[in-house]
Amino acid sequence: MTEKVSFEEQLEKLQAIVSQLEQGDVPLEKALTQFQDGVKLSKQLQDTLDNAEKTLTKLMDDNNQEINFDADPKEE
Amino acid sequence: MENSDQYLTVTALTKYIKRKFDVDPYLGRIYLTGELSNFRLRPNAHQYFSLKDDHAKISAIMFKSAFEKVKFTPEEGMKVLVTGRISLYEASGSYQIYVDSMQPDGIGALYQAYEQLKKKLTDEGLFDLPKKRLPMFPKRIAVVTSQSGAVIRDIITTVQRRFPIAQIVLFPALVQGDKAAADIVKQIEHANEIGNFDTLIIGRGGGSIEDLWPFNEEIVARAIVDSQLPVISSVGHETDTTIADLVADVRAATPTAAAELAVPVLNDELLKINQYRQRLFQAMNQTIKIDQQKVAKVRESYIFTQPTRLYERYIQNVDLAKNRLEQLKDGYEQNWQQKVDLLTNRLSGRNIQQSIANQQQQLANLEVRINQASRTIINNQRQSTAKLIAQLDNLSPLKIMSRGYSYVTLDKEVVKSVTQLTPNQTIKMNFEDGSASAEIKEINKE
Amino acid sequence: MTEKVSFEEQLEKLQAIVSQLEQGDVPLEKALTQFQDGVKLSKQLQDTLDNAEKTLTKLMDDNNQEINFDADPKEE
Amino acid sequence: MTEKVSFEEQLEKLQAIVSQLEQGDVPLEKALTQFQDGVKLSKQLQDTLDNAEKTLTKLMDDNNQEINFDADPKEE
Amino acid sequence: MTEKVSFEEQLEKLQAIVSQLEQGDVPLEKALTQFQDGVKLSKQLQDTLDNAEKTLTKLMDDNNQEINFDADPKEE
Amino acid sequence: MTEKVSFEEQLEKLQAIVSQLEQGDVPLEKALTQFQDGVKLSKQLQDTLDNAEKTLTKLMDDNNQEINFDADPKEE
Amino acid sequence: MTEKVSFEEQLEKLQAIVSQLEQGDVPLEKALTQFQDGVKLSKQLQDTLDNAEKTLTKLMDDNNQEINFDADPKEE
């Protein structure tokens, strides 16, 4: 994931670009730039999601240590 | 009894009586019902008031520590149920009830407390605060709930099913009992302090109002409000609405619902991103196509397909003018030539020729006439002359001599008398047909 | 490709030139100049479009993307 | 090609000369001068048109070549 | 060709001579002189005309030649 | 040819001489002189006419030649 | 030819002689003289007339000759 711009912001950007381009009234050069930006963004977004690892649930103890948490299948 | 006097001091007596109250097994913990009287809320202090009914009245004190646990706000005249002990306040000699707990009589105290807190927070505008937006793609989700409950399991299951790349971090907390509220608050704050979370879920399973009570506590409400992290609250069943639910940014009916609210479905999102990209290509393609059509349309103009039309009309104009010029040239030339030819043709010498011929005729005529006239004149004169000559001839003296006459001349003088003569003179004798010389021999005068 | 003048501005210019020329009352020398400008503009526009298309195609190839380019997309 | 006088002005001049000549009765010497002027003008006009044609043809050829064989588009 | 006297003036002169001669009452010597003048005038007119025609024909030929074989157009 | 005296004056003179002679009362010597004068005049007139005719013929030839054979116009 | 005395005076003289002689009363001598004068006069008259005629004829001949053979015209 990018540092400054959140995934969500990128996604929003992508959506905005798509909307704008689909409205069809973007000047060609700008459209091309946006298109390129959009494709790049979509790739980045996809990469981000694809590359993200599955995680195990942690438990935060009082010492600010995250320890593995095994959900105990115990009913309350 | 330090004093052996039969007279007790007031202090001794009072101590004694106080002891009687304090050791009495009944008065040590009594349940009392009555109306609040002389109640004037003293903020952050011990409370002094009375409890009374129709016939009696008892002073009451509630220490700050106990009063803080009262979940509602006491009011004058309110019927309350209190627990406490009876004891004596030595300084005034009055006995009073030391209240440990107090709850409203009639409706449930918790409900009363709930309503009162809700009203208070409503008045404060806490529920109207802008709700924080949930991040759509949380990386780390803090969950404040019981370590052992079904809540955390449901959440884990759901998140792993939908969006396994989100990290769930459990902040274990008591979710029931007196310490629960503080514990929950502590964990909420803890999660906020750590800070690298995107979403906070607080929750517990269903239960009675008492079970759920920690989530109706004001401190919990304020902790939620103060949370920098957006809070999803999932407390109890759907029908239960706790204060926590009201102040949370999002309320979920169940922990599963909370997890669904917290994370998207990863595959859906990947699909969406793919779709966006596809739409980008299509939109771009469309944009290019439209622009190509626009350009093609302009290029289709006859200006580009038949650019010669730009100057064709000029060609005609110029050709026309040129042809007209050439025709005019021929016309002018013919016209000029005609004029010159006409005059040149008319420029004839015939008149002059005729005139010359006439003059020649006339001249010839005049020549003839002058000739004739001249000859006539000569002839006339010749005739006149001839006539005179003839006349002269007739008159000639010589004609007489032909009859035998002759005459004598001397020195060309006619000798008329002999007296004119002398002898030896040579005279001339003239005859008709000649003359002869003679010498005078003698002269005979008659 | 030109730097400052956008595709749309060029297109408008070209359209203006064509309109003027189609009205037919442009003096010959000016018409010639305009025609030249028009051809140049049309070339530039075509280049811009070609480049845009190339960019699009390349990106599509890179992305292994296939779009059913609706062969006859009539807008407007 | 003349610098200051436009094609149209020349054409008008030529047409004026033709009109005057058509009215007839132009004295010989003046007619000669006018014919000379007219022919000169018509030559200039023809030259201008020829040049125009050449220019246009070249432009169109260049342009068509580029349109038809844009497999090898040249950057400007 | 005459310098000062125009074709038309010569033509008028000739006309006057012809008219006078045609009336027939011109004294012989004068008639002769006029006739001589007339012939001279007519010759001059013809010469003027011939020259004019030559000039015009050359002009037109040059022009047409240029039109027909404009493969080698000459700049003016 | 005479300088001062015109053909017509000479002719008149001749006619006067002829008239006078024809009246017949001219003294012989005078008649002879007049006759001589007349003959002289007539000769002069004849010469004049002859010359005129010659000149005329030549001029007419020239003129006709010009009309008929103007294919070969001569410069003056 | 006589110098001072004209043909007509001589003729008159002759006539006077004839008239005198006709009257008949002229003395012989005088008659002879007159007659001789008359003869002389008549001779002179005859001569004069002859000369006149000769002159006339010659002039006429010269003239006619000139008219007929004017192939060789002589200047005066």
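Annotations for the structure displayed:
First chain written, first letter: the chains are A, B, C, D, E, F and G, and each begins at residue 1.
As a convention for this text, a contact is a pair of C-beta atoms (placed from the backbone, for glycine too) under 8 Å apart; a residue touches a chain by one contact, two chains touch by 3 or more.
Keep in mind the model is a prediction, meaning the values are calculated, not measured.
Between B-E and A-C, more C-beta contact pairs join the chains of B-E. Judged by shared residue numbers over all numbers used at their interface, subunit D and subunit E contact each other through mostly different positions, with under half in common.
Taking the mean of C-alpha positions as each chain's centre, the chain lying farthest from the centre of subunit G is A. Rounded to whole angstrom units, the spacing between the C-alpha centres of subunit A and subunit F is 134. One finds 31 Å separating the Cα centroids of subunit C and subunit D.
In this assembly, the C-alpha centroid of subunit B lies 18 Å from the C-alpha centroid of subunit C.
Centres computed as Cα averages put subunit C at a distance of 98 Å from subunit F.
Those residues of subunit E in touch with two or more other chains are numbered 7, 28, 32, 35, 38-39, 42, 46, 49, 52, 56, 60, 63. In subunit B, the residues touching two or more other chains are 277, 281, 284, 286, 288, 290-291, 299, 304, 307, 310-311, 314, 322, 325, 329, 336, 344, 347-349, 352, 356, 359, 367, 374, 378, 381. Two chains count as a pair here when they touch; such pairs are A-B, A-C, B-C, B-D, B-E, B-F, B-G, C-D, D-E, E-F, F-G.
On the side of subunit F, the complex with subunit E involves touching residues 6-8, 48-49, 52, 55-56, 59, 62-63, 66, 70, 73-76.
Those residues of subunit G whose C-beta lies close enough to touch subunit B in the complex are 7, 11, 14-15, 17-18, 21-22, 28-29, 31-32, 35, 38-39, 42, 45-46, 49, 52-53, 56, 60, 63.
Listed in rising order, the residues of subunit C touching subunit D in the complex are 1, 27-29, 32, 35-36, 39, 42-44, 46-47, 50.
Partner subunit D is touched in their complex by these residues of subunit B: 299, 304, 307-308, 310-311, 314-315, 317-318, 321-322, 324-325, 328-329, 332, 335-336. On the subunit B side of its complex with subunit C, the touching residues are 277-278, 281-282, 284-286, 288-295, 298-299, 301-304, 307, 310-311, 313-314.
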